[in-house]
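Structure first, then comments.
Just so it is clear, A, B, C and D label the chains in written order, and each chain counts residues from 1 on its own.
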Amino acid sequence: MPWDRNQMAARAAEELEDGMYVNLGIGIPTLVANYVGDKDITLQSENGMLGMGPFPFEGEEDPDLINAGKQTITELSRTSYFDSATSFGMIRGGKIAAAILGAMEVSEEGDLANWMIPGKLVKGMGGAMDLVAGVGRVIVVMDHTNKAGESKVLRACTLPLTGKAVVDRIITNLGVLDVVPGGLRIVQLADGVTEEELRAATEATIVA
Amino acid sequence: MPWDRNQMAARAAEELEDGMYVNLGIGIPTLVANYVGDKDITLQSENGMLGMGPFPFEGEEDPDLINAGKQTITELSRTSYFDSATSFGMIRGGKIAAAILGAMEVSEEGDLANWMIPGKLVKGMGGAMDLVAGVGRVIVVMDHTNKAGESKVLRACTLPLTGKAVVDRIITNLGVLDVVPGGLRIVQLADGVTEEELRAATEATIVA
Amino acid sequence: MKKVYATADAALDGLLHDGMFIAAGGFGLCGIPELLIDALVRSGVKDLTIASNNCGVDGFGLGKLLDTRQIRKMISSYVGENAEFMRQYLSGELELEFNPQGTLAERMRAGGAGIPGFYTKTGVGTVIAEGKEVKTFDGQDYILERGIVADLSIVKAWKADDTGNLVFRKTARNFNPPAAMCGRVCVAEVEEIVPRGSLDPDLIHLPGIYVHRIIQGSHEKRIEQRTTRKKETA
Amino acid sequence: MKKVYATADAALDGLLHDGMFIAAGGFGLCGIPELLIDALVRSGVKDLTIASNNCGVDGFGLGKLLDTRQIRKMISSYVGENAEFMRQYLSGELELEFNPQGTLAERMRAGGAGIPGFYTKTGVGTVIAEGKEVKTFDGQDYILERGIVADLSIVKAWKADDTGNLVFRKTARNFNPPAAMCGRVCVAEVEEIVPRGSLDPDLIHLPGIYVHRIIQGSHEKRIEQRTTRKKETA
């Protein structure tokens, strides 16, 4: 049986090591915070905060304290605030060890598309292009196929790119793949998923 | 009789207007602070301070509070501190209205040389190149001639430049000159100095 | 040199002209210059180009200037919260230049710091790189992005002293310092103007040199996504 | 993830190699990492390239590393306080790359912010421009300067918490934040390590993400130019 959203998030949390500064995207990546356990992880919110805490208790929301998804949040004892230029300086400068992001499409060369569907509403890339260009390790978490059953793990992306050759690892409901020379390498299969099932759902080249 | 150091400083202080943020160089320019009177002037120290106060009282020196000349100073009620990148950001970005600096040579095109004498000890330009490139108005205060009686106001500088076409106004012991198209224009003569005396001491072209 | 003005309208007096370029602080609805935006609406100034990470929401923040058709062009990273924006954009009434969020912040900071251009990896190989110079440093490609200098910056801070020294609060700092830096003139609105000397000089986020006019006022500070958790009961 | 180390020597353990590139904070003798410099002397690491605005004075600060001939090259804006520096430089033992002070600060900040190059007016038409690319923006010439990335940064702050969040004091801040930003690894020495949560998150000058190791110690904080005025007597 393929992984569900929470299992994917739990698997993504295994990527995180003690002491890491990490940026989590919107959607499944947000759930990763629930699975870091005892590890000393500091979450960045790219609107200008390190050490993002959980949602506030009802009635304790502070309009001056939001995350990059514009949700009310809280601070921790390690928290620091800074301006947007400094925030993206640390992103672009490679100070954030890992970003865990959602995706619409990923290619076998590590290209990522997650910001725009031409002809549909265009909302903007926000900080996604900066994150994929700058952080140490880019981990994508997404369903392996779209609602029509078509692979989202492609030879080449069809949608406008967020970044070219930026993805290091892909975690889907079917398993874990690494971007390596020549294509993707299977790192792990989701519980009960066979290699054949994963290959069948993957348009991209799978090597070794 | 030509102006003395204090008269030159007093004349330079007339260049400053209420509300200006100003950077004063080492030497005669430092004396300008004594002549600003009631004007609301904020002095920048390029090592990371706006609102530089006077020297501390004896026994009240703070090693964490120095100016760009490495002298102990004090803070004022308007003072703010910042890092060197921010400090030179405001200099380069034109936020400092005026810099009053010493010089070894100035040319009729506004070139300035004040950091290096080849063959002699080379100490470095410090922040001088940034200041002349960035601030709104560069005012040079210096003796009109050197100890050998040779003009320091030249057709072209002989020493390595601090900046090219950067000087707006020159205040010397003999008077005040502006850099204008074609050469220098006499703005004012020091008390008792004749135009002939000033012209004789000036190698640069004097126009109109 | 008096920097404190009585009202937002007074603080903008003499600074506005049609077709001007304004940089605005804020992220989403957090830390936005609400009072100065309202004064821009009242002024009727039009054909504005505005650099701001977002464009408010329908009927609030910069969204108000969309309703009145005062904006000609936005330079933003994300405009997904605003139906009127999309309508005007898709109908061709409104021009839009997408900038990656970090590129936009750095362009503002660079413009204020006298840096006309800088190289970044962000956007290499994407539509953002189209028409931009590419240069290789140490074997890797980067694109040239330009510094922004605005005719006017409008920002929101928590506290100011009368010399314009500003202090921000939590994530409401965001784009406000870089936006302030890139303006030829910067007007700041704050929740409280405190006496000179009552802000610790070590703890000023934005020195007064960047701030030309200040007003004090009260802010709605609307919350865009109110998310909470329940207190666990024992 | 433990960032606090017992001694400067322990904090540098495993980080040093001959020929390495170090960025150091401080301006003159103000805000310099005294204890880490002493540990570098004790380590015997040599052929160092050091980016620092100054090179200490004879026998203090980075001057100690001159006495032991551990420095191969300095990248500085001003080195006028040091006779041994001049002797080694004029005899060809020491290499020197002058950077305008603001260019040096910005090169550090850029390197830390993933910007490999930026354009500046500073130095145009001077020896500083020699061999550098010139580009015209809006009719004005600028030169291309490169971001700096150092193998190691050594900085001095006033206070830290155990997550590496730093606070500086007065003009001792100077080059310390940009120097910290540009290091692949940054070691900070502070006067006091305080418990997590005792620094106001709004008032942290340098977030802990930039700081990998911390030591607490006592500092001589030598004054270079002791200037005072007399109290006026009534």
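Quick notes on this one:
Here, contacts are C-beta pairs under 8 Å (C-beta built on N, C-alpha and C of every residue); 3 or more make two chains touch, one makes a residue touch a chain.
Computed from a predicted structure; not experimentally measured.
Counting C-beta pairs in contact across A-D and across A-C shows that the higher total falls to A-C. Subunit B and subunit C have Cα centroids lying 35 Å from one another. If each chain is reduced to the centroid of its CA atoms, subunit A and subunit C end up 27 Å from each other.
Mean C-alpha position of subunit A lies 54 Å from that of subunit B.
In subunit C, the residues touching two or more other chains are 106, 109, 113-115, 120-121, 168-170, 173, 201-202.
For subunit B, residues touching at least two other chains, in rising order: 75, 81-82, 88-89, 91-92, 133-134.
Taken together, the touching pairs give a contact graph of some other shape, not a line, ring, star or complete one.
Pairs of chains that satisfy the touch definition comprise A-C, A-D, B-C, B-D, C-D. Across the complex, subunit B meets subunit C through its residues 18-19, 21, 40, 42, 44, 50-51, 75, 77-82, 88-96, 133-134.
The residues of subunit C lying in touch with subunit D in their complex are 106, 110, 113-121, 135, 137-138, 140, 142, 146, 167-170, 173, 200-203.
Contact residues of subunit C toward subunit A in the complex are 27-31, 53, 76-81, 86, 98, 100-103, 105-106, 108-109, 120-128, 158, 168-178, 205, 221-231. Contact residues of subunit B toward subunit D in the complex are 45-49, 54-67, 69-73, 75, 81-85, 87-89, 91-92, 111, 121-130, 133-134, 160-165. Residues of subunit C touching subunit B in their complex: 1, 109, 111-115, 161, 163, 165, 181, 196-197, 201-202, 204, 207-210.
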